[in-house]
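Next up: the structures, one after another.
Same chain, two partners: chain A is paired with chain B first, then with chain C.
Entry: the complex of A and B
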């Protein structure tokens, strides 16, 4: 079989594109340290009562170290708790690990405009670690259809200056 | 708008409400009314003209619980396509009656939409099943409240305090959310250009049918023409298939002297587009927007 010399060139280019794609994803994981959300958050024996499980605490913000926080969020029809009725407040320059689960149906947890995004499955805790550098406000939306008022389900994360954080949210 | 507060009708009827009422009446006369009534209980609070959805567990009656010391309203009772109802949704009590709000399901609160000055101010924090909030209503008037997470489902309630407090005021239902004040034009024009108006839908239906008929006629005509042509062609050749005449090639090339420059340019342009989109998608959109998931 004869292969035209131009065809040889663009077969080579397409192989390079595949190699380049894999290299980009490897760079993302090694360089900026992008991680995938996996099942490390653990499972909940009784999905409708997450707080009774060892894998989940009462919804709220907990300080677990210097500049390290854990946020437990319940996504339910049709609110994030905390997040919707009161914003999730974390300080700037902190590492925040979100633990999100649902006591009713499948929801989504997406910080708008970023790649912080996971599916929230009843009985499964989604665990995501995020670094917040600068003060600001982020929106949270549910991006999995969860019922008739799905479109109203949203919340807020407030990243505030270090000294503005008061000790009212959770304990250490 | 004090007119909507459920209190006694004000002495001076504003020009706007006269206009509105006039509009509503003419609409009703013309048989085009889309649910704009001139008097609805609680100013239309339980319909979807008010903020949120219609309250399906409200049957138009106010439960009379006067002459009682304490009553219970279930929060998150069955209704409104799930456990998204206040039961009873509308209730009348005497001043001094204690109302116990009893949470029967999760994620509900009591946000006051409007009520008399100095009265109950609602309970804004979202609570779960088993929680109770009680308040003794002293100030007479109509209190309208709703559940913030489930307002769109019609989870709304009302408490009328006092035997003489009217729940029906001669006020047209507010269009929109009542907070925007410049809805005069909308109130007058709305019903006629509303998609649910019979005239509009009849006109649309007529247009669809007539345009469809014209197109179908054209199509059938074209089909007939094509059939006649094909029949004529078959008759000409007595049904035999005629092949196209063979032509000589103008010049012959050997394999490698063929140079497809156009295709080559196209491949390079596609490659450039792909590389640009790759950079924007991964490095700008995905990596470039803080914060990002790191664990």
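Entry: the complex of A and C
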């Protein structure tokens, strides 16, 4: 089988692009430390009652260390709890781990303008760790179709100055 | 072989164009029954395309906010479901079935065996389509007591009427039987032609269908084992993660099921329309073998952001996906080189000057060429989707529909329209009418899609979600990296209007031709010249379909055995959810 010289060059370039592209992902993982959402958040045996599972706490913000917070979010038709009726408040310069699940259908959890983005699947807990450096306000949208009022499903995250957060907000 | 002429004949092709025997449409005369099958398939596909266009326009005007009077925002999702289901299951399947019936018949130079089998699969595809589509449209019509507002991905636990799932299953099984027709035709041909190389078009059809059998098992299991019993209340709950994983096991290869027909045309028809011939038959075979091997073990790249799946499995899928770029990049080379060859046969010269020598006023040529060009752009945006870490930025944003309107929405759809200009006359024996409209149509599609798709990509980078009736929120604002959201919405709406007009022109030409009188000289002929480098120089192992299929199965087992085991180890229906209405 004869392959033209130009085509050989083209195949060479193509393979370089492919390997290079894979290399960028490897670099993203080991350099800036971009981890994929995976199975670390655990499972919920009875998806309609997440809070009865050991893998999920009552929705809310919990301080778990100096500048470290855990936020448990329920995404449901058609609100984030917390997030929709009251904003998720975390301090600036903190490391926040989100645990997100759904008691009903599949949802999305996208913090607009950032790369914080995950699917929310009933029975699974999505775990995402995020660094919030500066104070500001971020919108959350559900980016997976979840029913007839899907387009109304939104929320907010408020990243506030350190002294504006008063301890644990859990069980709210 | 009627479809292929040898090299000496090719030089007198211009004379043969004027030959009266060709002017009446060879395919129709040689294979009247197959021509009828292809006509029916194309008829359904093009009718579906018309509906897809109407729904697409409604969606574009609704979600950009320019006009929301057609449907309520709740019914938007019914329209969106109809648009997606018609594309994913109806237009594409019927187009593939029709085109492959033509390609197998022509390249084997024999009719399909077992007419009853042919009518059976055509009947199953049609019945499945009627069931699935009426279940979806029931959401808009009060007198139809069914709903299926679940989009074409039908993620559990959103529930559709059981008729929807049964219809989808019938379409899948019908497509399997269509493949059986092609394989049986090949087997008969092989008995008469031992030791010969598989004709190229048939080779492409068979490898595509082997890939399709391997991959569509996923959705068949999802629908038949899980969703039908679940929607009928026989099974109380199913696992959302397992079912969506089965869906995406099929959900990536299915896009190659839609694209490979376009590849078949780019390899075997486009070079001829450009005035030349395919450069290399062996490389075309290599490309299709690579698609058979690599299309399926990639589905997890649609689930990069799914919880419950370990990162390693996602990485394996990403690596396979990246290597799947290779056959597309090889195709890009061959297509451009074959067009260059054709242009030089037509007297073109110079570094870029040869482009002027191409028949840009032949809508079959311009449609296929522009479809290929847009597919290249779609390939690059697909590379971004496939990069695991970049995927965080674009996942479920408007970037995604921007991407697949270049792929299935142009590479497949515009190729289908272009080939209709060439094939419908040969299938009906009628000269193409409204030729002037046909000449303009592919360019209008290209401009409309350029406007709509570039804006969708940029909207995605700004964070605008896909699958949303009203992408505007009280608490959330979107900032474009390039351009403003208002300008993007305008481009999307204007682009969609141009696409709709383009589609209307296309349907006018085809329906006008179809209803028009027979006779007169056709502008096209069905000859396909032999490639410059023929199959005799291709290693024989390329034709060993059993070997390639076996390797494809092994790759699938490697990519899927462990993650699927993880999902079912705790119980096939665990963690499970009951049906919930949208």
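As a convention for this text, the second predicted complex is superposed on the first by the 164 of 172 C-alpha atoms of A that agree within 3 Å, B and C clash if a C-alpha of one lies under 4 Å from a C-alpha of the other, contacts with A are read in each partner's own complex, and residues count from 1 in each chain.
The rule we apply is simple: a residue touches a chain if its C-beta (ideal position, glycine included) is under 8 Å from a C-beta of that chain, and two chains touch if they have at least 3 such contacts.
It should be emphasised that the depicted structure is a prediction, and the values quoted were computed from it without experimental measurement.
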Worksheet item: Which holds for A:85: it touches chain B only (first), chain C only (second), both, or neither?
Response: first
Fill in: Residue contacts with chain A in the superposition, chain B compared against chain C
C
Discussion item. Applying the document's definition of touch, where does A:17 land relative to chain B and chain C: first, second, both, or neither?
Written reply: both
Worksheet item: Who does A:5 touch here: chain B (first), chain C (second), both, or neither?
Response: first
Discussion item. For A:107 in the superposed arrangement: first (chain B), second (chain C), both or neither?
Written reply: neither
Fill in: Partner chain in contact with A:47 - chain B first, chain C second, else both or neither
second
Worksheet item: After lining up the shared chain so the two structures overlap, which partner does A:149 touch, if you call chain B first and chain C second: first, second, both or neither?
Response: both
Worksheet item: Is there a shared patch on chain A that both chain B and chain C touch, and which residues make it up?
Response: 2, 4, 6, 10, 17, 21, 24, 28, 34-37, 77, 113, 115-117, 127, 147-149, 151
Practice prompt. Could you pull out which chain A residues touch chain C in their complex?
Written response: 1-4, 6-7, 10-11, 14-15, 17-18, 21-22, 24-25, 28-29, 34-39, 41, 43-48, 77, 104-106, 108, 110, 112-113, 115-127, 139-151, 154-156
Worksheet item: Can you list the residues on chain A that touch chain B in the complex?
Response: 2, 4-6, 10, 13, 17, 20-21, 24, 28, 32-37, 76-79, 81, 84-85, 97, 103, 111, 113-117, 127-134, 147-149, 151-153
Worksheet item: Which residues, counting only chain B, touch chain A once they are in their complex?
Response: 81-82, 106-107, 109, 124-126, 148-153, 255-256, 258-260, 263-264, 267, 271, 274, 278, 282, 286-287, 289-295
Practice prompt. Using the touch rule from the top, collect the residues of chain C that touch chain A in their complex.
Written response: 73-74, 77, 80, 149, 151, 155-158, 239-241, 244, 279-280, 282-283, 303-311, 314-315, 318-319, 322-323, 325-326, 329-330, 333-334, 337, 383, 386-389, 392-393, 395-397, 463, 465-471, 473-479, 533, 537-539, 566, 570, 574-577, 580-582
